[in-house]
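Sharing a structure with you now.
Chain naming follows the written order as A, B, C and D, and within any one chain the residues start at number 1.
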Amino acid sequence: SEQTTEDVFKIGAIPDQSAADLNRSMEETAKYLHDETGLKVEYVPSVDYAALVTAFERGEIHLAWFGGLTGVQARSLVPESEAIAQRPIDEQFHSVFIAQKGLNLQSLEDLKSLSFTFGSESSTSGHLMPRYYLMEAGIDPNTDFDGEPNFSGSHDKTYKLVESGSFQAGALNEAVWTSAVKENKVDTSKVDVFYTTPAYYDYNWTVNDVDDQFGKGTKEKITNALLSMDEEQKEILDLFFTDRFIKTESANYKAIEEVAKELEIIK
Amino acid sequence: MQSETVIKTNQLSKSYDGKTVLSALSLSVTRGELVAVIGPSGAGKTTLLNLLALIEDPDGGTLLIDGQAPSKIKGRKQRAKKIGVIRQQFDLVNELAVIHNTLAGKLAEWGFFKSLFSLVFPREKNLAKQALTRVGLLDKMFTRTSKLSGGEQQRVAMARLLLQKPEIILADEPVASLDPARAEDVLSMLTSLVREEQQTLVSSLHSVDYARKYFTRIIGIRKGQILFDRPASAVTDAELKSLYEIKELS
Amino acid sequence: MRKMIDSLQFHKKLLLTLLLSFIFILSLTGVNWNEELVHHGGAATLAQLFESLLQPDLSPQILLLGISSTGITLAYAVAGMTLAILLAFLFGIFASGVLSDGKKLAFLSNGFFRGILGFMRAIHELIWAWLFVAAFGLTPFSAIFALAIPYGGILGKIFADMLNDVPQKPIEALKAAGASKLQCLLYGYFPAVRSNMISYTMYRFECAIRSSAIMSFVGLGGLGYQLQLSLDDLNYSEVWTFMFFLIAIVVLVDLWSNQIRNSFLDDKARPYQGKISLLFAALLMIGSWLFITVVEKASLIGLFTEKNLNHAVQFVRGLMGIGEELPAFASWESWSDALALTFDTFMMSIMAIGFATIAMFLTVIPAASKIANGSLTMNKGWYGRVFFVIVRSIYIFSRAVPELVWAMIIIFIFKPGILPGAIALALHNFGILGKLCAEVIEDIDTGPIRNLSLSGASRSQLFIYGIIPAVMPKFLTFILYRWEVIMRTTIIVGFVGAGGLGQQFKMSMSYFHYSDITLIIFCYLILVFIADSVSELMRKAAK
Amino acid sequence: MQSETVIKTNQLSKSYDGKTVLSALSLSVTRGELVAVIGPSGAGKTTLLNLLALIEDPDGGTLLIDGQAPSKIKGRKQRAKKIGVIRQQFDLVNELAVIHNTLAGKLAEWGFFKSLFSLVFPREKNLAKQALTRVGLLDKMFTRTSKLSGGEQQRVAMARLLLQKPEIILADEPVASLDPARAEDVLSMLTSLVREEQQTLVSSLHSVDYARKYFTRIIGIRKGQILFDRPASAVTDAELKSLYEIKELS
């Protein structure tokens, strides 16, 4: 049994959006990678950001779709791993701050004394960068909100909680928001964006140290397979809200690391 | 007043799960009598006392207490005045102090708030003190009842009856598992109280000697029926032998 | 002087009750009640929750998913219990000291084994799970070990206590007849504790199913995983469906355990009923282990690889802060933060047990069948039975749902902080406390009550003179015992944002701040230790 | 063989928590004797029997069983052959079937695995059957012991002794809380067994009548000391009165 489990190339993704959507896109990706590389590829779902990073550290996940922060955490735990691909939007990523319509918010400063929810505490676009820009605007999330801030766990849940009225405002990933609006998953007469952050690097595919286990050149094969997705893989790419993947490298994420250090998330 | 009938049963019967435990039992007890009910294990002594205490209802026959049908005296206060019950040591509230178990004899006369308040600051303490002095337990007034010895617990039960002052006392094996000295102590106290207060006592017993020594009348029961019923002094050894005789070994 | 001691003794219980109430009220001041505690949309969320309660998602797809994940949850629970029972058996016998001879040596070895059992159960199963996942990875064994250790600890302790409480006279008689120590164990101790032990094990099995369900929080599958996914999608109809699965197995286990208990009481039913139960238990165990080793392909030997060893070493180094400039436990600032959270957590636990106790007292009377059918108070009425059924259903429902899941729901309604945590803990423990206390009333000795009623006490007087004094000591024991359990669980509800040390624990886990975790676990162990000693003291004082 | 001394104590004493319970007690018992130990509650009867049974160790004085010091016969098998103990019904393992409680008399001769196996498939069943036939309980062989009546339980304990076959039987209040018929039944069975097997019996009792009727010798104990020790027929009423006399009420 040792042999067969070793031979499976396992991929994972941070559970930052609706589990059903994520399952679909990752299952498709696994199939595609299998067709391209001939490896036996399997998607391992994960309920928690940190759990995925831990699994990656243990070598139980070979390729992962990380956010900016989780990618940085993972690569610092496994120095041999590297970021290989990202979407064009990830070069210029944004978070959006949303609030209930009736509140008429204009700027981040207006968030004072409102109830607020982040996404997962490990999320870049749902926590790290929003927190950073809040601090820049002079708001200490730990003390200035109405009660402590909540961590919803995922972007989808964040806008749902604000829409349902559980929280007055929140911050999330711009891509998720745009698609939610497009697909009418959210009622913009109840909740809307009032602030968009400046750009930063975000999501990426990070590959583990796989050449040892699956043979030399595996890393390259995987990278090429990801970068060569096009019109034919439209279905998968749509699920990632993009039309292609482009090359990236670990160094692009230095800035995120700096912010995380400043916020004492990375020591 | 002396020869007034306080308990009268006619053809009383009771069965459990189709098994007859008491059949066609008739007897009458006059005020002031001290009646011992004896008989082998399983004869129906406890069942008879439960019927007399109105704890259980008979399946057939009639029962009159003080000339009244049981249905007429089912109100708790009235019943408490007529009948008092004393059993083996198990029947006190273990967790309460002695004084509360004694004062419980007054509950029939107290309202809810008085009884609640009394749990913290005992009411009518003097009455309780008198009763406890009488049974020799004044110094244990505030002790938890569970800490008392069997004989002492039995005496607390008697103190409760002193406060309750029922006309009829029904006792079910009041001295089983007490050593001879305590047993005689308890029995002599019980019977002299009853005599003084002009009450009536019906008690089941395991010991024939005690029955002869302390009671005026003995009723022998076997298999749910009265085998003999006569003055204590008139019971013969032959009768006793046939009462307890064992037919087969097991 | 003598008089003073007497009157102190006399009012001891009253004083203790006043003291406990005072502490509870003090804990309530920890919450800022002026502020609006409920989210603006809290009421709306609550309405949605109720609405979907009446229309759970019953599509075949969800039902199938429910069945398969229930299977996984059950398999982990059964496998975990198998190991727990073995551990409990072994350690329990040694901790009870029934096998040892020399007095000094016995004292030492009892203490030693009791210490081990204490440590095993001090740490919550989810924390064990997290530690095992870090060491062994996401294998079913992480869940199984995580269940086996704390459950082995608690079962072992109870087992040891039961062995210690076995009446000595029959044992002495066996010894006098020439039985050796082991033979005394076989012929004296085991038969005496068997039925109690089995019914307690069944109760723990029920708890283990709930614990197994929440193993998903460290990434292991089962019902909890599906619950979490549905909650993440705010799909309440699905949430309820999975919840009903959980309730269903808890009810089934409850029924089974009653069956077993009755088979001990009733001689005629015993031979075949007992055997059927035994056979069924054996099948469950074999089935679960087969499922785990064959279907899930978990291998025990596979766990002990060099790679896993390296990870474990790495992990322990992280916990010990090796290579860190200033480990959290060496920093004054971290300590003061952690201690503040520790205090919050303590308050959360007091509030939780306070709420649960109040709710229990308000409902427990109609929940006792002896009162419901009037046999205790000699007062019959149909409404008693109706109340009985309603209250008992509420108990089952509230205890079938794990604290963690309650917390995940409550957090939608209340703002983050210690209050939602306390409410979630109270909801779950209210059901357990209610059931236990109702059973105390049912087991009450009827002799004294009947006698009081014969001396003329009314129904309400019976309660204050007969029932309450008789049940209070046991109630207090259960309440204190639940408080200890709540203390262990506070860390868990914090995971989902319900405040206290747990919330910080989750953060530190997400950021891989291992030495912070060491500090938090340390604070948490202090809390557990305090809770255990205080409750032990109070139990003694109340005797 | 007839006048051989099987128990000999010299100045035996025992105290609990500084309170002397037995002081300087000397007696000797010859093979075949039937000795009743009587006395008020707390006199030290149970303590004495526990010392003789080697269940507890004396604080002072010497004790010889069959001429040997206790330390020489402390091996469990040897001890089981010398001394058998029977007490009130608390002495059986309630949860076991009657047959297992009976076979426990053989444990001294069995190894661990045989005893384990026997719990599922009883070993030496014939011996158990014989013993249970003897005490009239063959039909209850597979009943749970807790379901038996007090008298029946007492007989199971006797069946156990039949298998164990000790030389000396020590009985502590073997008939307390049995009704008179069962009590006599049990006592007559016990004493006749002892006579047949040439064993020796020392028993504490609450009832003077039984002591006189079934035993050959009576020892009266009060406050840890022997008040009298003579043939059953020679005990006077005056002696009994002073034995049980109560000084104060509580």
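The working rule: a residue touches a chain if its C-beta (ideal position, glycine included) is under 8 Å from a C-beta of that chain, and two chains touch if they have at least 3 such contacts.
The structure displayed is predicted, hence computed values, not measured ones.
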| item | value |
| --- | --- |
| Each chain counted as touching chain A and chain B at once | C |
| Which of A-C and B-C has more C-beta contact pairs | A-C |
| Distance from the mean Cα position of chain D to that of chain C, given in whole angstrom | 47 |
| Separation of chain A from chain D, taking each centre as the mean of its C-alpha atoms, in whole Å | 82 |
| Whole-Å gap separating chain A and chain C, where each centre is the average of the chain's CA atoms | 37 |
| Set of all touching chain pairs, with the criterion as stated earlier | A-C, B-C, B-D, C-D |
| Chain C - residues contacting chain A, complex | 35, 39-42, 44-45, 48, 133-134, 137-138, 216-219, 225, 228-229, 232-234, 297, 299, 302, 307, 311, 324, 411-413, 415-417, 497, 499, 506-507, 509-513 |
| Touch list for chain B against partner chain D, complex | 40-41, 136-137, 139, 152, 176-177, 179-182, 185, 206-209, 244-246, 249-250 |
| Complex contact set, residues of chain D against chain C | 53, 55, 76-77, 79-81, 83-85, 87, 90-96, 100, 104-105, 107-110, 112, 115-116, 119, 143-144, 147, 157, 160, 164 |
| In the complex, chain C residues that touch chain B | 6-7, 9-11, 14, 445, 447-448, 450-458, 460-461, 464-466, 469-470, 472-473 |
| Chain D contact footprint on chain C (complex, rising order) | 167, 169-170, 172-180, 182-183, 186-188, 191-192, 194-195, 267 |
